[in-house]
Amino acid sequence: MSTNWRGGSAAVALLTFDVDAESAVLAHGRRYADHAATMSHQAYGPRVGVPRLLDLLDEMGVPATFFVPGWVAEHYPALAGSVQQRGHEVAHHSYSHRPPTSMTPTQERADFERALDVFESQGVGVHGHRAALWGASRYTTGLVAEHGLVYDSSFMADDRPYRIPTEAGEVIELPVHWSLDDWEQYAFLPDPVVGSVIESPEKVLGMWKAELDAMRHYGCLFNLTSHPFLSGRPSRALALRRLIEHALECGDVRFARCADVARSAAADADLTSHAPDLPAVDATAYPDP
Amino acid sequence: MSTNWRGGSAAVALLTFDVDAESAVLAHGRRYADHAATMSHQAYGPRVGVPRLLDLLDEMGVPATFFVPGWVAEHYPALAGSVQQRGHEVAHHSYSHRPPTSMTPTQERADFERALDVFESQGVGVHGHRAALWGASRYTTGLVAEHGLVYDSSFMADDRPYRIPTEAGEVIELPVHWSLDDWEQYAFLPDPVVGSVIESPEKVLGMWKAELDAMRHYGCLFNLTSHPFLSGRPSRALALRRLIEHALECGDVRFARCADVARSAAADADLTSHAPDLPAVDATAYPDP
Amino acid sequence: MSTNWRGGSAAVALLTFDVDAESAVLAHGRRYADHAATMSHQAYGPRVGVPRLLDLLDEMGVPATFFVPGWVAEHYPALAGSVQQRGHEVAHHSYSHRPPTSMTPTQERADFERALDVFESQGVGVHGHRAALWGASRYTTGLVAEHGLVYDSSFMADDRPYRIPTEAGEVIELPVHWSLDDWEQYAFLPDPVVGSVIESPEKVLGMWKAELDAMRHYGCLFNLTSHPFLSGRPSRALALRRLIEHALECGDVRFARCADVARSAAADADLTSHAPDLPAVDATAYPDP
Amino acid sequence: MSTNWRGGSAAVALLTFDVDAESAVLAHGRRYADHAATMSHQAYGPRVGVPRLLDLLDEMGVPATFFVPGWVAEHYPALAGSVQQRGHEVAHHSYSHRPPTSMTPTQERADFERALDVFESQGVGVHGHRAALWGASRYTTGLVAEHGLVYDSSFMADDRPYRIPTEAGEVIELPVHWSLDDWEQYAFLPDPVVGSVIESPEKVLGMWKAELDAMRHYGCLFNLTSHPFLSGRPSRALALRRLIEHALECGDVRFARCADVARSAAADADLTSHAPDLPAVDATAYPDP
């Protein structure tokens, strides 16, 4: 028997946290390991942001999913386990936080599997994957299926879950979007150059509430991506709390972990299916630069 | 008998949708065809944005114009026809979405005619043209006239329609402007680098309403450009609906397809005429870098 | 007898318009003369923006100053005269709109004098100067004094008029600032890359009103710079009108042309005087890159 | 006996002013010494901004800390002394305002000690340090401890004071953050390229009030960084005044100089301690570009 992936709610809300920490900066160049203050900016995530956000989730009584790069799990060995102990999901977010599109297929596979090794060695089961910088290549979903993960969360061809067929089997896609990411709103670093304007939590809260309300109207997946080194800051954490309060007051929004939604989606026979569209491109139309 | 192009309304509103899809990214380099997640970001336009926006236009009962690159019409063969069937106009938006200013005259002509061939093969009649990225060259309006199109919509020398004389005859210009484009407000991609800040639909709605009201004051053409992969997102689509509702409530705004306005403008003897101003530039004043 | 430069008002407001037109883009490279749509974006200034703004100034009954590059005065030969006929001031804004800091001293002098020749040939008297892009070099104020102009309006070391001594005599500086310029708020072009976000007139109006009110508090010169190709757009023009209305309602703001304020400032014995600070820089502290 | 660093208040507010003046631009290249108008933009800080802000602090009755590069103290020899005379703290902000991460260890040491020599020659005692651009290297805190300074204020691994152990002894860190800095909100220069959007003081005030309120909730250090050449402008100075008024009205916010907080923090036995995290980075994970 097929059941709708939303399970009767108007919209489903995923609170996802990408715990990139130092890896997001190291991916710009190994030399940044010596930029002590910049490293401290990233360390705020696991040190202050994650505990504060875990407390906030407890207070609100909602589940979440933490996408953790393997490098971060290794560097903060207690992190992934403590997230799971609080009832949340840990998922695969590459090893090094270098985007697949910046790697050869061999490098992408090695990076992907190295992260799995870390989680296995820590006894942390993972069921889904999100590409670093959402930079999935044509090989990414194949790797996800081949290694027995249930879902991916990097693509943007819809605002509801969909199936992606691969040679190694089907993957459930839980699509993301730049407009539901705190990075574009809050991130700022002069070196590496990241971000140009720091927006107010008030603007961000208004924008996300409007998107949640519109997604309730259209019956979508509200897949919010936050970074503890950004949204763990005091007024941003409280803005996130107000967003959760708003969603709870709506009464028709279901909060879930990614793996739970992936399972509901897999059981929904009406879910659309389509492969990533990788156009064969004509050199006449698009000559090399 | 000459009639005013506005036909008694305070302002005329054109809802135009540039269905760039993957072509807008491929124009930055053929290699992006392998960036699977980025391609999915663009595919959202034809897959989700266009149907949602067509429904919204039906609901509001207003006509619109869809500028479609030839590559997109080819890649999504049902797209142009389905837009026309819903009562909207399809118009020429280059083949590859590379701006004319980036091409030689020969390349521009080839790209222009290749798009016409696609529309002809699909039985889709087109009456107007908009340059990719509004990057019209000194040859663009000549090509428009030579191929029997009635209007162009890429220039910005006025906020009311005007005539552009060319060697192949006259073209009606339906001018555009960056401030009435959703791209500058919503577009964000890290690679290729597109956009730096994602604005809230609330800000955008306020800005566009203010411009519409000011255009009613001055008697202008409100020529709004939206992209289905951007404005098809839930809260942005609803903001667009609120804009249309506001315009309808004003009672003195006429919604039209571009070709309709071009025809009214052609019949208006008071319409100004002026050729694109291509200054002969003095090498003393502007030496080569 | 010395009199205070403000003449009893809380603040003095200068409405200045930099009529850069095509020159602001050509300064990025001669090749842009072929970018027909981009040229049309700039042509909107003299064609639509200037007449609309002149009407608005008439309606409000306030005087203004138009800084015109020599190239623009030549290219639009009726422009400078028509501005003067409406009771406003025309002033020197370079010939080519290339900033002095990008030129050799010889080039800067040639560009400066070429603009004076244009104004002389058109019978347009000018009394002040503003450097293109406010990019004054160490030679700029000397040129201003040597050619008998009374004031400059490019520096930012104060928010009240001050005297700049030069070898050729004293110049009155009417200081400017980036925060009272419409360029940073409204300008957007993808090629050349100009601007990254288009702000709403509502935000801009709020920011400028707050600055005017704070300048009334501190007794400053409110020196507003607008560009007709930007602020001539409908809703921006109306925002400018609301700003003027606000200032008029305050009852303690005096509107003036630059030359008038320069004269009052020259007669104020309490006006501070200081030369541009051009530090002798130590190569140990600031080694060449 | 250990006492809590907050001393009973909900949050502690540090008003800090980085008096970078010309040095912040000269650090981009010695050639900028010839950019006379750009230099004047920076000179506004010591000439107009600092006196205005000192008056404002007097009016409000709150203490502050001024971080002054040695080059600026030398160039404006009365500056540091006059700040101290008004009851505020002067602290070390490098000599040249080049970030440590851009220098060799030998250059960083030379620059650090050159600034100390300037302050010593002016009889100005300094107790703390802030790295230029917050660009602390792995050597920075060691230099701070070695030269007997009590605190540093450049790192971001927490939003409460913490101890940093170094080979030369312990340093108290008073952490900063980009979101409590006026630079990202207000700074704009076209050459060198600094900033892309000028935000309204109203937005900035709202954002900082929200962060202060959230920091009162979480018990944090509100460490605000302003630059006199930016926040000394009229409406920004008044926005800062409204922020201070708000904090005073809260009744549970303590204003202090950095050195005072560093002393309270040093006496708090519960203060966390952790060394800057300088990860040993694996060349397989992060290959050289």
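The first chain written gets the first letter, and so on, giving A, B, C and D; residue counts start at 1 in each chain.
Everything below uses one rule, namely that a contact is a pair of C-beta atoms (placed from the backbone, for glycine too) under 8 Å apart; a residue touches a chain by one contact, two chains touch by 3 or more.
The model shown is predicted, which means the values in this text are computed figures rather than measured ones.
Chains that touch both subunit C and subunit D are absent from this assembly. Shared numbers divided by all numbers used gives the overlap of an interface; between subunit A and subunit D this overlap falls below half, so the copies present different residues.
Averaged Cα coordinates give subunit B a centre that lies 48 Å from the centre of subunit D.
For this pair, subunit B with subunit C, the centres built from the Cα atoms lie 34 Å apart.
Each of residues 196-197 in subunit D touches at least two other chains. Within the complex formed with subunit B, the residues of subunit C that make contact are 22, 26-27, 29-30, 33-41, 43-44, 47-48, 52, 71, 75, 95-96, 98, 111, 114, 186, 188-191, 196-198, 200-202, 233-235, 237-239. Taken in their complex, subunit D has these residues touching subunit A: 99, 101, 131, 133-138, 140-141, 154-159, 175, 177-179, 184-185, 195-197, 199, 203, 206-207, 210-211, 213-215, 217-218, 220, 274, 276-281, 283, 285-289.
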